[in-house]
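Remarks on the structure that follows.
Labels A, B, C and D are assigned to the chains in the order they are written; within every chain, residues are numbered from 1.
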Amino acid sequence: MSAAGTSHNQAAANAGPGGGLSGLIAKRPEFVTLVLLMAICIAVTIANPAFLQPSTLIDIGRASVVTGLFALGVFVILAAGGIDVSFTAIAALTMYSITLLVQKYAPDLSIVVVFAIAIAGGVFLGVVNGFLVYTLRVPSLIVTIGTQYFFRGGLLAFIGTTWIMELPGEMATFGRLSLLEFETANGAIVSLPVYFLILPVVAVLTWWIMRRTLMGRAIFSLGGNPEVTARLGYNVKIVHLFVFGYAGALAGLAGIVHITANRLANPFDLVGTEISVIAAVVLGGARITGGTGSVIGTMLGVLLVVVVDNVLVMVGIPSTWQRVFVGAFILLAAAFFVTRQRKFKPAK
Amino acid sequence: QDGKAITTVVKISGIPWFDRMETGVNKFAEQNPEMDIRQVGPATADSAQQLQIVQDLVATGVDALAVVPMDPDILEGILGRAMDRGTIIVTHEADNQANTHADIEAFDNADYGAALNERLAQCMGGEGKWTTFVGSLGSRTHMQWVGAGEENAKKYPGMELVDPNNESFDDANGTYEKAKEILRKHPDIKGFQTSAGNDVLGVGRAIEEAGLAGKVCLVGTGLPNPSAAYLDSGAITAIGFWDPQKAGMAMNAVAKFMLEGKEITDGMDLGVEGYESVTVKPGAGKGLLIVGNGMVLADKDTYKDYLF
Amino acid sequence: MRNIHKRFGGVHALRGVDMSLQAGEVYHLLGENGCGKSTVIKIMAGAHPPSEGQIILDGEVHDELTPIQSLDFGIETVYQDLSLIPNLTVMENVALGEQLVEGHGRLLRTLDRARLKETATKALSQVGLNVTAELLSTIVSDLPLAIRQLVAIARAIACEARLVIMDEPTTSLTRREVENLIDVVSKLRSRNVAVLFVTHKLEECYRIGGHAIVFRDGQCVAQGPINNYSRTDLAELMTGRKISEKRYRTGAPSAETLMVLDRLEVPGRFRDVSFKLHKGEVLGITGLSDSGRNELALAIAGIKPAAGGSISVNGKPVRIHSASESIDAGIGYVPEDRLSEGLFLDKSIYQNEIALILRKLASKFGILDMKKGKEIARDISEKMRLNTADIELPVSALSGGNQQRVLIGRWLSIDPEILVLHGPTVGVDVGSKDAIYQTIQKMAEQGIGLVIVSDDLPELLQNCDRILVMSAGEIVADLNGAGANEDEIYQAMLGSVQEGAA
Amino acid sequence: MRTKDGHFTVLVALIVVLMTAGAIVSGGNYLSLFNLQSMAGQVPEIGLLAIGVMLAMSVGNGGIELSGIALANLSGVAAATLVAGHFSASSDPGMFSLFFILVALAVGLLGGLLNGLLIAYLKITAILCTLGTQMFFIGLAVVLSDGRSVRVGAPGPLYEIGNGFLFEIPISFLLFIAVAGLIGFVLRYTPFGLWLMLNGSNPKASEYAGFPQNKVIIATYTVSGVLSSLAGIIIAARTINVKWDYGTSYLLVAILIAVMAGVRPEGGYGRVVCVVLSAIALQMMSSMLNFMGLSNFVRDFAWGALLLGFLAIGRFRLTDFFSPQFRAVTASVQRPQARK
């Protein structure tokens, strides 16, 4: 087993028991993710040195944006003890209806305003989620399965199914604005698009909210023990609305990034990728039961998933075998993760 | 045939290809106002859902079904039972379908694959690395096309096929990522032959963004409208297709003939463009295989003749 | 508080409570389990709205309070379950509330981290903890229970409180920590802060002094300086009947040895623990909370198996590496925390009672003999004198005392030779205690060997033949239950701590 | 437990309403024998998967089963490719069918076992584990079949399972009911069943009570795997072919069915009867929408609305209506937090 297998062994070797290190891993599970990530990169480089070129880095960065935005939203919800599978539907619904509206009524709308509307739309749908989760008091997984069907079914049944090939005005050009550009030996141009910047900005914002505001503490607190959180005077309803609203906002944002990058608005897109986003967050060290996780870990988890997705051809795995490898990778990574975590956590 | 009902079941509803087919179905309905003609399809590309729809339709007692199967094999059982019940079954893109009265193909699949490849070879100057994309490994026609393409490429010893049969799942974004990866792995790649309708869009975007439009050749199945921008920029060399509108009409026309008890004969005119003189052969089962002449290859200069 | 009523569905928990609290005074809220003490507290803290009645704060009349209003006014609460956030740090648990209240509950504001640290440090040192950077950044779930309780108290006094409410704050504190707490209380008092205690430990109330408020059945039945009431008076007021403070243990153990522990060890927790348990003996084990007594109990129960040493039952060595091996060896274990470790709350009494004997109830085809199971469950319910005969009722519908009886009753189903009871009456009122003690004695008479792990010294003295005192992971004293007294035990518990430290 | 009979009643009522509405909408065609048979023939595969989901949810520990349909397809594909090499479906239908079924069940058993082992011993969260095995199973099926659909053919006995009738009832449906009954029986009348539910209700208490927790979890996922392979066999028999990507939409639908059946997602409660009824109701609704010629997108929309509606009903009125006393008690009882 090439990619997954080696990474496992190597990571195990790197993270071998050692006084200071074990403490670090117990406290910062994202360290494991980092080790895994590096191990994979090393293994792939050995298998195919062509991996080591600046364009790889840029492509991976570019491919991480949408997943990364989703993942940050999921991370916030996971931290609060919930889970969300409707964010892709929110993204699809907002991006498509906004494109329709812009195309029809304001084709020259500035991209900044488009983003603002998308975020507002995402917040609205997210708040619907949050409201339902709070008032129905059922696990958010179930509620969001329901809203996923609801939002996506509504989109396709009542709003439209046709692709929009010609994005209006700035939406069309924004995706092509590049931050830096260079030419490779064979004359191909590699460019880092401007929309890439959105991810680090949002990541820092999320980090700030989670670590530096009272809301952030309330979110973790809710994930740790909801009843107590309510009793201590935190407005649990607001926290619910906030986390789902925030995830919705990021989903709306991701939706627009997705279409401007893709240069077409396809209402069928995105839905179906939610589980791998959740996997990325969990591989980044957040427990699915809530109350833990970090922004750094989430970003590393996203990179891990994106890298694995992007090196299969590089390593030369035939397409028939690719799913076996991804599946085995998830299992090995998860197993590795759990055993590491357990080993370094002193028995309580 | 007063009030007879023909329902067309497509692979998935809402996508441009089958929306275009629906225009054909609607046109046919206009031409035959006395009949109950409509088109339905599953919400996701899932053969189980299509199976369920067909099953329910058979139960409603529809007179004829025109089906574009996701997976012909999966539908064999229910189509067989429908035929037992006296329902007329016409299929499309399923030349291996046993339980059908007639399968209609726009063209011969091998010819089509070879034609795409020939166009690619011509662009590549018969030389260099090339690769192929299919919607999924299970898609029979796609595999036939790339198979015929490979066969055709043997004529050019300078052409080297690398990492073949990449699965695109008809998802432009995923195809884009994959194409980027291939461009990175094989910086000297010269050609792409693609199969699913969205593949040209994903690969075309990757080529264009890399500034390789016109330097790397891309020939594949695609629709004129969505591909227009890339054809203009040179990122797509040429697209091949058949008009689903015509295919939809042809299916309904055959179904109507059969409901009327008319026989379909070799060289017959179905009254639909591209199907004026169809070849009729025995099919995979007891039914007929009807092959039209609907292949279209279009490039930068010609695509404007087929805007849909 | 004026004429407060509270109804939960069909339960009328409070039936017209009137009480008033003055600044700078200490109050003890006393009463049986389920008489409404916690409910009153929750109403004051704004966790529940009252169904009827008014709350008057500084002359201002409220129909109900929100948590923020209550905190704003300066009412701070240490809840029975501590109400700490398990995944946040000690510092955050202690000091976040201050900033929350300051913003009147507004969450969208940045943290003042310097203040956070300052406040936490101050409050934690007040409750007698040695404040280090490490303690401040420790996640609460990694702390032992006793320290968590102190942290919870620190949280309550971190803000400028005017009324501090403590709902059974000493259940897991040892004597030394209790002394400290009493200190804290007098400091609070000197700052003109009112303190409201809820506790079942009368002896502490007397030591602290102040006023007693006695509840029975959701009503306030007495109010006045605590020293005006004797223990028997209070018990009578609470239960409405007479309870004597007799020694329950009357029988004597048989000479037959039942279980032998030989040099049992869990590294870092306890070592070299050896003792014998006779048939029909009631053996008490006590010690400070970090003395290793809890781990010893868990090791015997197979939940955190011992790493060294051996256990033998009836002369035969047994291997105990899991709870089921312990059960197979005839050892039962009633855990300390009945809700989270013992009961299947949403399941019926029947299913709870037969949980241990499912394998035995199965025929050779693997099918359960439901009739027999129900018989057994009914039998147990009767023996344990549950207040309902309906064994299909979910356990969550039972009162606390009855739940505890279900849990203890479960062990009757396997006819255990040895029963380890971990804190059998934690948070149980005088009335229920009485019932549980009688059950313990009855079991001893039947020849069962009982081990009671507890820090309730009167409980041990009333029930045990022998009392082992643990300290720093070792048994430091083996006292005769009939002859020993509390002071002697404390000496043993603390004396060797100093030795160990030296 | 009698206490939750509310769900049962609601589901039965829903089915009756659907029957009536269907009859009205279709002018009787909906209640024709052919359609009833056709609907009954469609329920088993998804119903079996939903029971698998129910078991995984009920055992607790964040249990969920996402690999069900992947495993179903894998068992079909594996059986078809392996058995076809040894027996011919047309000339030796009996042996072919027998070995097909055996191989498929074995694959399901192994796949379920793999899930169980990973979850019980390696302590991988169920959602992550079954996601990984889902990909892995799909991958294996693709490798085995080269991504193509594999023809099983119509060997007599197997064909009968998928398409035959007994007393005018599809055999697959009877099989489904029998299996559901068996599972229901096991859950109620065997130690395993009680262990499973009690473990879901409070895992910590289960540990303290000495339950063979790991074995119960492994057995649960194994049973769930076997149910998947049964679904795979029925799919193969009904469609005469197997393919790795059949029924991708079943993943969420199975969860939808379980939730509509009142299975508690945190574990500890679920009734097989309700899952069966819920699967039937969903099938009827979906067929009715097809009868009405509504787009399938409307159906997805309706399902979302339905699920949310069910949750709202459960929360606000109906269960109160059916057993007011129980609600009053439970609404306020907090489930114990497993102490970390």
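The criterion applied here is as follows: a contact is a pair of C-beta atoms (placed from the backbone, for glycine too) under 8 Å apart; a residue touches a chain by one contact, two chains touch by 3 or more.
Just so you know, these numbers come straight off a predicted model, no measurement behind them.
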- Most widely separated chain from chain B, with each centre as the mean of CA atoms: C
- Chain pair, most C-beta pairs within the contact cut-off: A-D
- Query: When the centre of a chain is set as the mean of its C-alpha atoms, what distance in Å lies between chain A and chain C?
  - Reply: 44
- So, what's the distance in Å between the C-alpha centres of chain D and chain A? 30
- Message: Taking the mean of the CA coordinates per chain, how far is chain A from chain B in Å?
- Response: 35
- Where chain D touches two or more other chains simultaneously, the residues are 142, 146-147, 295, 297, 299-300, 337, 340
- Note on the structure: Each of the following residues of chain A touches two or more other chains, namely 153, 156, 161, 225, 320, 322, 348
- Do you know which chain C residues sit against two or more other chains? 86-87, 141
- Note on the structure: Chain-chain contacts, ordered by label, are A-B, A-C, A-D, B-D, C-D
- Which chain A residues qualify as touching chain D in the complex? 132, 135-139, 141-143, 145-158, 161, 225, 227, 275-276, 278-279, 282, 287-289, 320-331, 334-335, 338-339, 342, 348
- Item | Contact footprint of chain A on chain C as seen in their complex | 45-47, 67-68, 70-71, 79, 81, 83-88, 92, 96-97, 99-101, 103, 105-111, 113, 141-142, 304
- Message: Going by the contact rule set out above, which residues of chain C touch chain D in the complex?
- Response: 8-10, 86-87, 141, 301-303, 322-327, 333, 335, 337, 339-348, 351, 354-356, 358-359, 361-362, 366-368, 370, 392, 394, 396-397, 410
- Task: Sort out for me which residues of chain A touch chain B in the complex.
- Result: 48, 50, 53, 55-56, 59, 63, 153, 156, 161-163, 165-166, 176, 183-191, 258, 262-264, 266-269, 309-311, 313-314, 316, 319-320, 322
- Query: Where on chain B is chain D touching in the complex?
  - Reply: 13-14, 38, 40-49, 51-53, 55-61, 71, 73-77, 81, 85, 136-138, 140, 143, 167
